[in-house]
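Below, subunit A partners subunit B and then partners subunit C, in two separate complexes.
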Partner chain A sequence: MSWKRWWLIGYSFFKEETAFQLSFLVSKLREFINLIVIFLLWYALLKHNFHLKNYTNQQTLGYFLYSFVIGQIILSTRLWRIGDMIISGNISALFLYPIKMWQLFLSWDIAHKVINFTISLFYLLPFLFFFHLTPFQHFTLTTYIFFILSLILGSLTYSFIVLIFNSLAFYLTEMWSVIFLFNIFLSFFSGQFFPLDAVSSLLAFSPFAYVNFWPSRLLARSELPPHSILILAVGFFWLLIFFLTFTALWRTGLKKFSGWGE
Partner chain B sequence: MKFYLRIIWTNFWLSFKEGFTNPLSALLFISGKLLRFVFFLLFFFFIFKKVKLIAGYTFNDLLFYYLVFVLVDSISQFLGRGAYFFDSLVINGNLDKTFLYPVNDIFINLFSYLDPLDLITIPFFLTYFLYFIHHSYYWPSLSRLLAFSLSFLLSIAATLAIYLLSMALGLTTPLTGELLWIWRNTSKLGRLPVNIYPRFISYLLFSLLPVGIIINGPVLIWQARIGWWEWFLFTIFEVSFILIAISSWYQALKHYQSASS
Partner chain C sequence: MPKDKVIEVRHLSKSYTSRERPSGIKGLFKWGKKKKKAIFNDFNLSLDGQQVIGLIGPNGAGKTTLLKLLSGIIYPDQGKIKVLGYRPQKRQKSFLRQLGFLMGNKSHLWWNLPPIDSFQMLKVIYQIEENAFNDTLTKFSRFLEVDHLLFKPVRQLSLGERMRCQLIAAFLHLPKLVFLDEPTLALDIISQEKIRKFICYYQKEYQATIIVTSHYLKDILTTAQEVVILNNGQLVFQGNKDKLVSLTGHQREIKVEFFSPTKRGKLQEYQPYLKKLNDSQAMFLVPKEKIVDLTKFLTTHFSITDLTIKEMEIETVIKEFFKREP
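Let's turn to the complex of A and B:
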């Protein structure tokens, strides 16, 4: 696909997202409030003598801040729409577009991630300033490589989990409740409630940990975790499992699909 | 009154049939709600495994705050779920139709969808709440119990007033859904006593963003952390807030421009 096409799809996505400017701004304000709520909760707990194992107070505050920004990158995706498209039959129209469906979703997702990440930087800056937090402090080349790999791994793992859930739409008639339940699971097991290694090292090796915990931990503690190669290897193993599950579900689902299109 | 009760019952019955059209979805949604509740309880256990007190509050004190938050949130959502569909009513013009019904327009729009899925979770939360008080907490004096009950009902009414304010703003700009989410996110600060937050935020939550009054108010009177004079002020505040929301709705209606042709 030529660069011009990528750019046009990304640009049209941006125009679509910001078509209702006030709604867009209010939705971003809502996200900012979300960040404030979780940050204040931990700030209050730390102020009243609660401390997390393996984390200093600064690192704990940093963890939740970075976890929010990482979430803005990894969790920004349009792939959730596929389920409804399958149920309504509209997905058959996408098969006829003069562009491959997965390329279209990839370019939408990249645009989505770039927009959300850029905006989240504005949320982040006042916190960094007031609480003297310094991400990327003491980062070496290896730490940067691990960080970038964990981001890519997290994005791909999340995308394939989302795709697996959306493939269920070939067999279900509604998707909203599945999404609701999954998001509750994810918020707990991906480390958005607390750093997973402060509770159990076993949780840190679950596939959900790669969606948020590992990149956030790296930014908060500015040091490579022990057994970092093993962590990446387990992450790629999960990714492979999800990829194979998704392709199997998608292929059998497509054979069953009988949508009438738009 | 009988007429309105019949409407509530009819709305509820229709919502119930709609909500259970797909039993699997209903089951997953209810499981999700209960799981969210359990996860937050686990979070509490995790915190109190390490410390005995947070800002002078015991585990049971904080759990009581959380349970009251869950009940106020769930009951107001059960009653006011229709507000979440308000934007689409304004955009597609169907809102005009509701003004032609021989029923109060606030009533018909705010209580248009009584969420049956929430109604299933509420008895669970309520049973746990009563069990918790009976076995692990304490019953206050009768006067405080009555004040708590009134305060609790007013908290639900004030939350619905916020829904109504969002709908009033939604009459001119379709922002009701987003504003409701902003309130729901902000009200999460009331899962814990708001005075554990930094002092400035705490003041804010007792004034401009009245989470401290609406969500924490009933607990404060139960735990005798406020006197009767403060309770009276809280009550006046909540009643005034509800009246302001109703008045804002009628003011906003004057500026409403129908979308339908």
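Let's turn to the complex of A and C:
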């Protein structure tokens, strides 16, 4: 199926997402206020001689800002709805479509990311202007390549983590309890609360670091990390592990699926 | 026109496992016992194509499970299934393109968008040519009288309107084989009639095979040529609709509520037709030609507070069927 067709599927999803315009806008406003609160909190801390290891004050501020925008790309996903669809049996309708399921999921996901990323740019611009932040200032071709690869790696890693958790719905009806715990764990170890390398370099090699930390770090510090090839290689290794785990869980899950709810 | 075998099921077994928890506070602290229920055990079925087939049976007989197995949504525990020459669980694109499935509350329509958006997406998914899509959509939406509703969000449509739009979604890619699971459930008489007409029209126009499950005998009698009856996962009847009609279809159910409790003896004249009598309520199964006589008899000899005449329910048909064909 051509990409134009996938674009149309994504576009239908976009229309569904924005069917309630007011709710959509207010949810975005809530995110913006959230960002202001976090940013001003760190701004206040840094004003009072608080410093993070390996980061200048400007880089720290930049890190949190970019981490938010990166989150809008990588962490924004509608794949979480798949678990509920499995439990309610509504996924049956998708099983009947003559398309590959992962392609359908991917087109939804890309549509969702595009919406969120575009809007987050509007959040970003005033901050960049008022705090004189310049994310791509010292970027070379290699840095750009690393940045794009880390973004793709992060998106795919997170998507497969989400898919793994949603596949649990084939086995557990109470999979949300596991997911809630995981989300707390993820927000901590993906570097949303602090740059991981300011605490321990070991944390930076966990699979969750790829979900937020590496691309945010690159934008904040505008320099390639040492051992960048190794970082990418480890990232792809984790991705492969997650992909294989998801495939195994999904395939076995399909055989257990009973399509309740009718 | 020669008919091909479109469905072949051999030695099929399927069971479900569920947990049953006690109700109330006790249930909060228990996982519940695992319970396995066999739906099919060594089940065989072979169906010819290019006709409407009525699949009937009481609740829990395995009708919906069978359709899910035939469409590849769920996997059998054992046995072989071939549909249109494919193994459905492989979910090959060429198979899925020929299949349509209307599932009661599993909608193909996006809840917050107008039906036209869902149809556009199905056009893309099924790779339907623009002209063919427009022609089919116009034809079907006019037939089902929903052409004025295509741009109204699905959530604002009535149940009947929604079901008719869902029907379009299931047929839009002109499938060769269609499964309709309770397409008229809880709909008003007008919507039921439109859906029945559409099923007959589509089958004739496109020489398709349509399998319909329904709780309304009228759905089956007006649309199907062949009938399959399931009971407890067993095939209890498969054959021409006329055979079922000759056994049961010309009868009607008459329910009467008497002013005061009535004894069986008083109804002696119509004893062979009396199926139930509880104090002041009675139920008769009578041939059509006896309806007038019976109602006259009842209204003349008894004080009656309520009287209803309706078609036999599927459950009654099956009971009667078993009595006559043990």
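Definition applied: the second predicted complex is superposed on the first by the 255 of 262 C-alpha atoms of A that agree within 3 Å, B and C clash if a C-alpha of one lies under 4 Å from a C-alpha of the other, contacts with A are read in each partner's own complex, and residues count from 1 in each chain.
By definition in this document, a contact is a pair of C-beta atoms (placed from the backbone, for glycine too) under 8 Å apart; a residue touches a chain by one contact, two chains touch by 3 or more.
None of these values were measured; they are calculated from a predicted model.
**Q** Judging by the criteria at the top, classify the pair subunit B and subunit C on subunit A as clash or fit.
**A** On the superposed model, which is not a single observed complex, subunit B and subunit C fit side by side.
**Q** Would you sort A:34 into first (subunit B), second (subunit C), both or neither based on which partner it touches?
**A** first
**Q** Looking at the overlay, what does A:176 touch: subunit B (first), subunit C (second), both, or neither?
**A** first
**Q** Does subunit A have more residues touched by subunit B or by subunit C?
**A** It is B that touches the greater number of subunit A residues.
**Q** Could you look at A:93 and tell me whether it touches subunit B, subunit C, both or neither (first, second, both, neither)?
**A** Once the two structures are laid over each other on A, A:93 reaches subunit C alone.
**Q** Can A:49 be said to touch subunit B (first), subunit C (second), both, or neither?
**A** first
**Q** Name the contact category of A:185: first (subunit B only), second (subunit C only), both, or neither.
**A** first
**Q** Check whether A:241 is in contact with subunit B, with subunit C, with both or with neither, and answer first, second, both or neither.
**A** neither
**Q** Applying the touch criterion given at the start, work out whether A:230 contacts subunit B, subunit C, both or neither, answering first, second, both or neither.
**A** neither
**Q** Please work out whether A:23 is in contact with subunit B alone, subunit C alone, both, or neither, and reply first, second, both or neither.
**A** In the superposition, A:23 contacts subunit B only.
**Q** Contact-wise, after the overlay, does A:145 reach subunit B, subunit C, both or neither (first, second, both, neither)?
**A** A:145: touches no partner chain.
**Q** Quick check: superposed on A, how many Å separate the nearest Cα atoms of subunit B and subunit C?
**A** In the combined three-chain model, subunit B comes within 5 Å of subunit C at the C-alpha level.
**Q** Considering each complex separately, which residues of subunit A are in contact with subunit B in the first and with subunit C in the second?
**A** The answer is residues 20 of subunit A.
**Q** Within their complex, state which residues of subunit B touch subunit A.
**A** Residues 22, 24-29, 31-32, 35-36, 39, 43, 46-47, 50-51, 53-55, 173-175, 178-179, 181-182, 185-186, 188-189, 192, 196-198, 201 of subunit B touch subunit A in their complex.
**Q** Under the stated contact criterion, what part of subunit A meets subunit B in this complex?
**A** Listed in rising order, the residues are 20, 22-23, 26-27, 29-30, 33-34, 37, 40-41, 43-45, 47-51, 172-174, 176-178, 180-181, 184-185, 187-188, 193-194, 199.
**Q** In the complex of these two chains, what residues of subunit C are touching subunit A?
**A** Contact set of subunit C toward subunit A: 16, 64, 68, 71-75, 91, 93-97, 99, 101, 103-108, 110, 112-113, 117-118, 120-121, 124-127, 153, 181.
**Q** Inside the complex, what are the residues of subunit A that reach subunit C?
**A** It is residues 1, 5, 8-9, 12, 15-16, 19-20, 89-90, 92-93, 95-99, 254-255, 257-259, 261-262 of subunit A that touch subunit C.
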